[in-house]
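Each of the next two complexes has subunit A plus one more chain, namely subunit B in the first and subunit C in the second.
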Partner chain A sequence: MQPHRRSVTQLILFNVFNGLIIGAFYALMALGLSLILNLSGVINFAHGGFLALGGYFAYSLMPFTGFWGALVLAPILTACIGILVERFLIRRLYGRDPLYSLLLTFGLAFILEDATRFIWGAQSVPFQVPAVLTQPLSTSFFFLTGYRLFMVALVIVAVSGLFLVLGRTRFGKRVRAGTLDLETLSTLGVNVQLLRTLNFGFGIYLAGLAGVLAAGMLGLQPTIGASLIMPSFVAIIVGGLGSLPGTLFGGLLIGLASGLTAVFFPSATEAIIYVIMGIVLLVFPRGLLGEEGRLQ
Partner chain B sequence: MTNAFNKSNLLVAVVALLLLTMPLWINAVGGYTALGTRVVVLALAAMALNFLLGFTGVLSFGHAAYFGLGAYGAGMTIKYIAPSTPLAILIGIVVGTLAAAIIGALIVRLRGVYFAMVTIAFGQVFFFTAFRWNSMTGGDDGLTGWHRMPIDLGFTTLDIQGDDRLFYYFVLFCFAVATGLMALILRSPFGRTLVAIRENERRARFLGIPVDQHIWLSFVISCGFVSLAGTLYALLNNFADPRALRWDQSGEFVIMAVMGGMRSFWGPLIGAAIFVVLQDYVSSLTENWQSFVGVVFILVVLFFPRGVLGIVQRKASA
Partner chain C sequence: MDGRLFHRALGRRTLLKVGLAAGAVQIASPFVLRARADDMVKIGFNTPLTGTYAAVGKNEQLGAEYAVAEINAKGGIDGRQVQLLVEDSTSGDVGTAVQKARKLIERDKVNFLLGNVNSAIALAMAQVSNELKTLHIVTGGHTDAITGKSCQWNVFRVCNTTAMEANSVASTLIETSGKKWYYITPDYSFGHTLQGGLEKAAGKLGGTKVGEDLTPLGTTDFSSYLIKAQSAAPDVVIFTQQGDDGVNIMKQAVQFGLDKQLHIAGAQMELEVLEGLPPEARVGTWVFEWYFNQPNVPHVAEFVAGIRKKTGKVPTARTWFGYAAAWTCALAAAKAKSLDAMKMAKALEDFELPPEIGLMPNPAAYRAGDHQLIPTLFVGNAQANGVSDPEDLFKITKTVKGPDVAASADANGCKLVWPA
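So, the complex of A and B:
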């Protein structure tokens, strides 16, 4: 192979891989959003704020716990904040027009972004990942750093964990049942209130985890969440409303698409995912893997 | 019945009087003419959104897109095509309305939260276009290097560029025409049908009403008026800002409508006045005014979901 051709192939491979990583982020965020949306009918606009919070918690914990400790603790802390928010704010709005929960999380997103700026400063802060993870694995595939592979592995673990919890545990079965018919579930004696709270916390946990991972790759700044939330919406819509595998697929798809667009038409990197959304909605109004009767 | 009729007439009269005399008293209460103009422009945007939100019952969170398209349409017309204010307004409205017609057709089958989510997401296309297309739109810095033009009426010239007060009355004139048109549409059989869809979509469908077409048309009309507000906003600032296209601007329109009272025609005007004045005041005091806006959102949702006029009306009927 000629050197020039090889570098083009490398460039494409690099961007495909990059796209898949970004897609994995989108998917991780979108899965949390989907969990909450499906069970509670709430679009959590503050999801990006929680993601940023996860990253900053890890940043503050690291001097005490090291990277690995922060990786475990920061998402849990974020989830605790999420549970408090659900318990004291969002819970009051169940059963009312979805307009109100949307406005509330909208306001919350403003507050979280300002709060992170107030506490940790508007400038981006450096986020050190362990040296073991930063070396490139080979010289010809310079972009395959250990950290990136580690991230992909962790996303795979988190997503498999999520599907295992939903498929195998009693909690997961109740969440799935509640998504289909909350009233019947409540009549059967399940504490729906508690279920929604835990489910919300679970969704926020995923956002916090995504935040720690994103911080290691993109660095930390207060607007980090805002830039990741819109693509997560698109991932949900493209993948199909009400379908978690769809959300996962949607996230990877749009990540890959923006990665490839970055090679051929860099200025459309952001816009391409909305074009894909338009096409998908035109052909499949429910999204690629959307279920019948979930348009309302 | 007659009592209520009188009350709403009285409200309109008071609002009209306040708006007509605004330049006379606004300096005395610590404001400035451009602030009054901003209230009227954003009130028009919030009322246009409420055409869809309050009177059709469809939740759009992406109206900033069409507001911003109006703004860029007007600014780019003056900068690149012809230095004419009426032409700028016309092109701004056409661009925003066309975009709404296309996107509306894609999303009209969705409802509720999903409709909201898709409208937010689609709004971002225009934001990124304005943000990235540096050579034409000025990118992150916004579209500068142009200003509104005096209007030549043949027998006289309106110097809306040099005279702030004259521009205020020009904006107020546009506001009056637009809200008058909206009120007429809402009183027509078409407008009554929209309210019927809001009240019970399924029943409306059973009556043979083509619901999707009605919602599409309502969306397009609403976005058309929002684009008009956008053109006026750009003319007011002599500037088009990519942030006018972004999702937080959409959220602000919604909160204005809710804060004033979604179920009432004039509610969003009151909401916009409160919001704009508060924002102007708080942003002069602190850098963290964004949190303040967030707190306003949460307080309104938790404690004033019916808005100012909703509370007044409930008190009146009780």
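So, the complex of A and C:
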């Protein structure tokens, strides 16, 4: 079948949709980062490493559990590793200058990338998603594949789940309270160490989930996390440090911008997200939805 | 631990500064240093072991290691054992790669320099090797300039020029798939010259360009480019992405069903990429520069078996590049009866690789005019699953003789200048 020539309007419309899909994915990664950053003050540079780990765990589990089983188990397994890392490494650095934990996670990012390269090889591995998900839904809206819509649906579920947990449960309320004032929370008798560990695990769970989803869309290779981490940081900065809705919004915005740029100036799709970051920081130094004084 | 439970305030500025610093440091990476022995002949291999070209860079290294073992088993070079020194050039940081090349030549005193996968790095390394008068075999950087406008007396290249790859596949594509082509091209020297070559080759046969997009190297999501390409309604969409980028674009194109609407093709494809794809995404018409499944060519089966024993996998074109490059060093020294770079370079001019090294249906020789190896190219289609062998993911439909697709050295703009 021959495709039809399309007008520029259609092309823009398509890229708006598509940009939002990609943006939703950036947001999922960025939310995990943001959670950890808000409560523990740790800039988790190893987030991309955990993301890759999630994808590779799913790849190794798939022969036994199938795609759906792997989708459930791999993020949990990744979160378990995350909890171990928090308990034995990161916890020692709370209370020190943030640069300490940053250097630690930065080194960890290299270790995780090399570990995946050592275990699973430098070459991409063929990660297969169920055939039902890989079909485009219609020939004209061919970029709306089952997999991409499934991804968006899952992001919506994960994000609403996250906000429900934060808004309604005792754990969530404590996390939010801790983000505002950890010292007072501790004085009130909350086990802050445990809270941080669980919160870290939760953030890494989101990284693992993003990893499984990414592996279905991109080639699964050791560098997969490194190539996705920068957009997530930009999403956080654009959205505003300390604000989870801001992170979500930031992710969608840069996805959209990158999609639209491809229509007019394709070689600048990467540069555009940094341009946006620059402009936002000049005009709204705290990011679009950042709250005054929260982390200062 | 200083006993304080609470973290210090973390400002936006800190995050920003740190983000910038991290962006810069990502490029740097550790290097591999092997033991040295002064009585040995040394081959320095500066190849990407990290980043997007890690898989292909590693395979080139494996091929060179295999060759060095063979050379040593046959008595080494001039009775001396050969040692391979490997450095991680990184996949894209030219500055680091140049430092590593200098280190290999100046500190480790290697007799030969090999590499690189990345065209830009290969060009930069060639400047260093030329300045330091060291015989340099470019393994797998394809951009035309290496044996064209930037050619050097001391630089020889095993892999093809992008123009040779383009010329090999163009006629097949026009005949089988149509004349309107859309290009999605990685935005660096390799991509540009490959697209340029394809446009020229297609133009001669009546093919036209209906659109093009340049993608930043390391792009993960290609969907917006694919939307544009589909909208332009070409007969053929040409992907010139390599390595991880190649895996990403193929996977996404097939998920969008583009392979059912138009023909997917490109010039250079590699087994590393096909193996990284799920079976349904192994589609399209491509050029392989070397392929392991050549049942009627002598010596190939032994080479494949040997590599399989060493690595558990079949050799790829990259393995062969590394293998042929390391053997070229030994053969050059043997023919020149010297380790002097200029004498060896002279000896390699119009030098034909012996069949057990060439491993191709037709003879492969380094052309005197520009030091380009003129080998055989393999045109064909990717296949979802191997029939006789699970790794047999490419079906050769045509073998192309190098001389038929290579422009003359003069036409490529190469003028070799020898030192006085």
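Just so we're on the same page, the second predicted complex is superposed on the first by the 282 of 296 C-alpha atoms of A that agree within 3 Å, B and C clash if a C-alpha of one lies under 4 Å from a C-alpha of the other, contacts with A are read in each partner's own complex, and residues count from 1 in each chain.
Here is the rule we use: a contact is a pair of C-beta atoms (placed from the backbone, for glycine too) under 8 Å apart; a residue touches a chain by one contact, two chains touch by 3 or more.
Every value quoted in this text rests on a predicted model; they were computed, and no experiment measured them.
In the superposed model, A:V192 makes contact with subunit C only, not with subunit B. Look at A:L104: by the touch rule set out above, it reaches subunit B but stays clear of subunit C.
Using the contact criterion defined above for the overlaid structures, shared-chain residue A:L282 touches subunit B, although it does not reach subunit C. In the superposed model, C is the one of subunit B and subunit C that contacts more residues of subunit A. When the two complexes are overlaid on their common chain A, residue A:A115 makes contact with subunit B while staying clear of subunit C. By the touch criterion defined above, A:R92 lies against subunit B and subunit C together after alignment on the C-alpha atoms of chain A.
Subunit A residues in contact with subunit B (one complex) as well as with subunit C (other complex) are 37, 41-43, 92-93, 96, 98-99, 102, 106, 230, 233, 236-237, 241, 267, 270-271, 281, 285, 295-296. Within the complex, the subunit A residues that touch subunit B are 37, 41-43, 89, 92-93, 96, 98-104, 106-111, 113-115, 118, 230, 233-234, 236-237, 241, 267-268, 270-271, 274-275, 277-278, 281-282, 285, 295-296.
Remark: subunit B residues 53, 59, 61, 103, 106-107, 109-114, 116-118, 120-122, 124-125, 128-129, 132-133, 247-248, 251, 254-255, 258, 288, 290-291, 293-298, 300-302, 305 touch subunit A in the complex. For subunit C in complex with subunit A, the residues that touch the partner chain are 1-12, 14-16, 18-19, 22-23, 25-26, 49, 51-52, 54-55, 58, 187, 213-216, 218-221, 223-228, 230-233, 244, 247-248, 251-252, 254-258, 260-262, 272-273, 275-280. Residues of subunit A touching subunit C in their complex: 1-6, 10-11, 14-15, 18-19, 21-22, 37, 40-43, 45, 92-99, 102, 106, 117, 121-129, 131, 134-136, 139, 142-143, 145, 147-148, 182-183, 186, 192-193, 217-224, 226-228, 230, 233, 236-237, 241, 258-259, 262-263, 266-267, 269-271, 281, 285-287, 290, 295-296.
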